[in-house]
């Protein structure tokens, strides 16, 4: 059968799952639920595979299916586009999505959500998420992409707030949604600009229009195109948690771990990267914006990593790590190495999902404990989890041969060599690599090594997770090892497999460079300085190893698990560079108390001055507007009414009931008339 | 027939004669036949018959005019019958008839049921006849006084009721004053024109420049007298008291008949003979109109006595109608006619509901007496709704077209600010009309009250007024044609 | 030497009467006196009419005057009747004690 | 010459009578003053050759109306009223109003006199006396008002009776 | 039959009232039943309209012409084009649902209640189909009175204040509009020597810009109060809050649209110069944007659930007017669709409030919390309503807002930028409301054991939800219907504008 024309079925499958869950879920038993939902995702995974394989067969490696028109005004259809880029994405989404579903069946097994039946609702939302994610990556135009874009946001809101009765969860969900909305505002405007410039919002047409090289510097250098790209990028920062809009992601960890794994590590947060890669033609045309992207990416990477160094909540560490890795991806995109960005996205999906799931299994074992300071020595208790996470940590740290190594190394190399890149960015990336290795292994050591620090009760409870959870872990572990092999550096020798991904993605991106070249002179294919590449590779490996050993030294030798280290930096990092306090300062104190002391507030509980601050600001404004509404706008109305009533009395009391005052008024009238005759005429 | 009393004279005068005849007949029969107040309601038949005959006579006149066209003058120019006067005659006729219909129960309830009442109603109508048809000062003045004096009596008809006496006295004294001024103005007009015929006066006004002091004096005093009769501010002070004190049925008659008749005269004088002096009197009317609208609306807003409230609303309406005269173009005059026609029916209707509220030992003229009317008597409630909505000038009721014409004429003649002013005050008026509506529909009465004092006649009256109010709002075409006809010279 | 008597003299005189009558209506509290004042006003009118009619050598003015007198009579009759009815109920003839109806 | 004197005499009588009418304390005195004033007016009628009107004034007014007034005054005994304050409370405002009106009237008359372009007084028509002409005109031109007047009087009678008579039932 | 379809649609509810009047008020069930039947009949007869509507014909269809008041040049002239046909459908559907939804909620004076609703139904349909200005005005005012009673009799604690405020406000605006109408009428008379109120005739006028501006402002007062645009909105929160649920639904879903419809049908085509005049457009767009943000801000602070929804209407209607005065295809088409969406979404939100109000008789948000545990289905319905109102893609709200934004963007980028902010806040206050009422622990024990939606409530919500989704997923038919008429409006406005420019 022809999978290519059925690609629209890929998103539909999970949608059906979701529909069934949300409509009849209450009547279904957990068993049925845990068959239907992963099943639906599996189905779309199979469909995707088939489609991708057939796609590979095609000469022109793109295939579009248009179902029906959606927004005539914007020429936006329900149309699906399968090309190398989206094929990678759907495989990641469906594949990893499926594994996480399976994992979740185990993880949520004794999850009692709101009243009875949180289970089916959880899976309903999960499927819904997959549906939207697939719509996002399969869409053949921006508005439809935006549908998925918003949809995943919604699902993340629902899934984070899944613990209905945890207020913090609700807040986190709300914050996530609103922060994303801020990004979306940029995205929407960006779309409009794009439509105005290119006259269409279909990826293919937009790309053709942009590549037709009819745009001169006046559009591309700080011109309308730069603005467009920038707006789109703002949208991306919202979704992919880049500076300054990253604040929602760490709190999103309030959600159940599978959610964190699926949404906040593997798929949704990478939507921004995907979107930028999608718009590569645009970014390639606008070097200034690309610089900004790269800078933001690098900054985020190093910034988040530094925060990750000292977090004690196992999931928060991973959260910041995710932010930082996303930074990497944007760095790649920013320097014009789009395929590398996608490459890292794809490898990262494996090991980060694995790490989260592992962490989930740890928490599972620790019966809910998330603070690493109360862990330790789990190595022997939960061997599978340990083993898989070990691999993942190696991978993310960038130990040669594993997935993380290849992608990260490629990013660093591109940053160094690409005409859009620069040495400074490389340094940032390099440091990030060092820190990454450090905090990941800090996590490992604090969790699995050393002697147990948990209380007896929990210790007694500890047990390996059920098969449904461990099997996915293992699969992902395998993935984390091999995933990188299709993107090896050219210095390892060139062939169709070793640079498989690059070649596969070539049709989407390669031409991007050419355009950039044509338009701006940037992006000329880098001349290959082989020795340099070897040197850099060595350096990064060195960084990874030293990071690991440093961690080992501090947390195994010095047993610094529960002691602050790093001197003055420690509090700064622990408080996430006081960003939240900064936002607080800007938005809250700055306005209310006229500036509280920055250093005074040391409690991490003050989460997200940023959003809270804006929320506070908003609330202030709305208080004012409400006051205005009650007292001015409405006040005037009521005042008129009142004054009419008030005026009514004098007029009535003119009517004294005394005949002669009537006569008086009468004569006054006469006088008035004649007075008018006298003077008036 | 003699030269003094030609066939034409007869033809023109006939309706008045009939009315007077039946009026006197009523008085006589009352003295002789019906000692028992309960039977006196049969005297209503005289009124109905009288109106029927008069109606027939009017119809013949109408017929004649519409075939031969133009107008008929009689008593060498003392009387005139044209479509204009006929229009008003119809109004008077309807008014008297409906008032008669809604009266008898009321009069019985208030234990003042005398046959004179119906006689006086008809004599008053006879007076109005000369206001609309008179074309000569003396006839007009005497007709005016006949009407006025009759009203003095009618207002004081509840002799044992202090309020009624007081109302009558106030009305009489102020009325005397005003008619004194009116007469003074007439005398000056006569002196200037050397004749009492409106035609000559018209000639005189045309020949003299508008600034002529004596003419101004004449104008001023005449205007005072007439504005008093239509209860326009600042000569309105009598209205609320007289309206409140008078028997409700009489109040209706006063509010509609007297006002319509005086407007008939005012319009004829101002647009006809005194037309040339427009520059002098227009500002007066504007001022009076504006004042009336302001005072009428404002005072009504917090009024708690329904009759008084309607009195103020009447003042307010007088203001609007005056605006029509101010505009003075055909549209405006048509507007005045239509407005008066609608005003007749809606006001009569509202008052007839009030008469039904008057029960033994319950004046029924407080707003709270309307509470829960909708529950008590849905028919009356809905009727009241129609009248009030129409008074507020909201389509699809007749009141709307009155306002419509006034606004249109103001716009046509470029009085934009007046138009906006008038429009704004419509909102204010709605406020108090809806206080009544609210009482009828929303509020509920505190303690149980006796059943409404209804009667067949009252129901008929309500039916006529209600239907007419709606018809005028939904299919005014024939009436518009009539108005058009009556302003065409 | 006094100028010959012209119509104007009569006009002035009637105007004075009119005013005096108005004074009465405005100031006197006694209803009866107020009615008398109204009579004065009407007589002022008559004076006007007669003067004009004399001036124009017509009788129309005089006729008008006669009707005015009739009106005056009628008003007086009815007014006094009402007054009596009121007095029967209220035992007063002072207008500013007659203020049941107000506001 | 002589009629000038008469004019001023009658005018004085009229005005003074009028003033007394509105100022005197006792209603009966007021009535008498009014009679005097009306008599003055009657005299003025005579001066202007309005004999019929003179008669009417004397008979109808002084003989009829005033008697009516006196009756009523007797009926509603006003001794109490006579002791009361005579003038209304806000007489000051009233006075102001009146003075204003008076002033305006005066100026108007003054201005008007010149403008009062009445054709100069015609010489008296010889022959037919006042009453005949009057009746001729009355019944030719003013027939309608005459009839209506009768109605008016009827109303007045009925009304007066209605009001004045005691309630039987 | 076919020829008089519109009249039939127009008068079916009135027929219902006539029969209703003769039903004994004691037979409550009978009264209810009959009211529902006649409303349903009104809906049914309107279906042929949409079926037989020819979307390729931009002009008026199903036109019926009859002399009404010849001497004023007033005709009974009705017809529909794409815009009005949608409005009529909205009216019939929402009208029926409103009546249906109040089956148990109205406990006293049912007869009058339903009579008022049916009369109002006729009035609203009349407004949308009359092609004669006076006829339009008559219907326009006719709608007010029933609504006054619906609020004043069956409303909440401050019902009388709200009712009279609503009435006075709208009436004052209406009278000003009447002055505008009469001016047009008179000017037309001056130019052609005959009186008429026929829209298509009045469109032939060529008025000087100055006069057009005056008339425009007169109309503006009438329509802006109804919409309501920013400074004239204060009657709305009171009216919406105090009205009974069904009343609020009709008010939000249909009555407000009369204003926007007025702008589309009268202001733009009749006064093209004025409506394309730079200052006027700027002022109106600014007011709309202020309305968008202002409404959102004020909603954020509301403690009263219903009032919050009410203020959200201000925000949404801001989008509609913004779209209209973008004066381009996207803007106007989007605006019309958004009007329908607002009808659906806000209607649903009000029904949602009504459901809980019936159970708890309080609208204070603080009284609730964690309802999702108690009433899961209710929570889902509310979520959908909320999201469609917040403009989530694949639900109706998004289509409208997005297209409007596009139009605004084409007209002026700054407008779009501001309006987009509105979307953010829209999400904010609705989510916050949802969180405070639905999520978290059940804080108030009074809420424990509240019954979930019953079948009747489902029956009300389901069609709305389906409608919302259908528009959100496949709005093309609506755009198709709108394409021609909107083109005409846009063309008319710009053409005259251009000719003006050419002359200058």
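Points to keep in mind about this one:
Order as written gives the chain letters A, B, C, D and E; numbering starts at 1 within each chain.
Assume a contact is a pair of C-beta atoms (placed from the backbone, for glycine too) under 8 Å apart; a residue touches a chain by one contact, two chains touch by 3 or more.
Because the structure is predicted, anything quoted here is derived from the model rather than measured.
Chains touching both chain A and chain B: C, D, E. Here the chain at the heart of the structure, going by C-alpha means, is E. Across the two candidate interfaces, B-E and A-C, the one carrying more C-beta contacts is B-E. Centroids built from CA atoms put chain C at 98 Å from chain A.
Each chain gets a centre from the mean of its Cα atoms; for chain B and chain C, those two points are 26 Å apart.
With centres defined as mean CA coordinates, chain D is found 30 Å away from chain B. The centroid of the Cα atoms in chain A and the matching centroid in chain D are 103 Å apart. Across the assembly, chain A contributes residues 641, 652, 655, 657-661, 663-664, 667-668, 670, 674, 677 that each touch 2 or more other chains.
Multi-chain contact residues, meaning those touching two or more other chains, occur in chain E at positions 168.
Shown for chain D are the residues that touch two or more other chains, namely 88, 94, 97-98, 101, 105, 108-109, 116, 118, 141-142, 145, 149, 152, 155-156, 159, 162-163. Of all possible chain pairs, those that touch are A-B, A-C, A-D, A-E, B-C, B-D, B-E, C-D.
Taken together, the chain C residues at the contact with chain D in this complex read 2, 4-13, 15-24, 26-30, 32-33, 35-37, 39-40, 43, 46-47, 50-51, 53-60, 62-63, 65-67, 69-78, 80-85, 87-88, 92-96. Residues of chain A touching chain B in their complex: 641, 644-645, 647-649, 651-652, 654-655, 657, 659, 661-663, 665-666, 668-670, 672-674, 676-677, 680-681. Within the complex formed with chain B, the residues of chain E that make contact are 68-72, 112, 137-138, 141-142, 144-145, 148-149, 152-153, 160, 164, 167-168, 171-172, 175-176, 178-179, 182-183, 185-186. Contact residues of chain D toward chain B in the complex are 105, 108-109, 111-112, 115-118, 139-145, 148-149, 151-152, 154-156, 158-159, 162-163, 167, 169.
On chain E, the positions that touch chain A within their shared complex are 165, 168-169, 231, 233-235, 294, 296-302, 329-330, 333-334, 370, 372-373, 376, 380, 387, 392-394, 398-399, 402-403, 405-407, 409-410, 413, 416-417, 420-421, 423-425, 427-428, 431-432, 435, 439-441, 473-476, 479-480.
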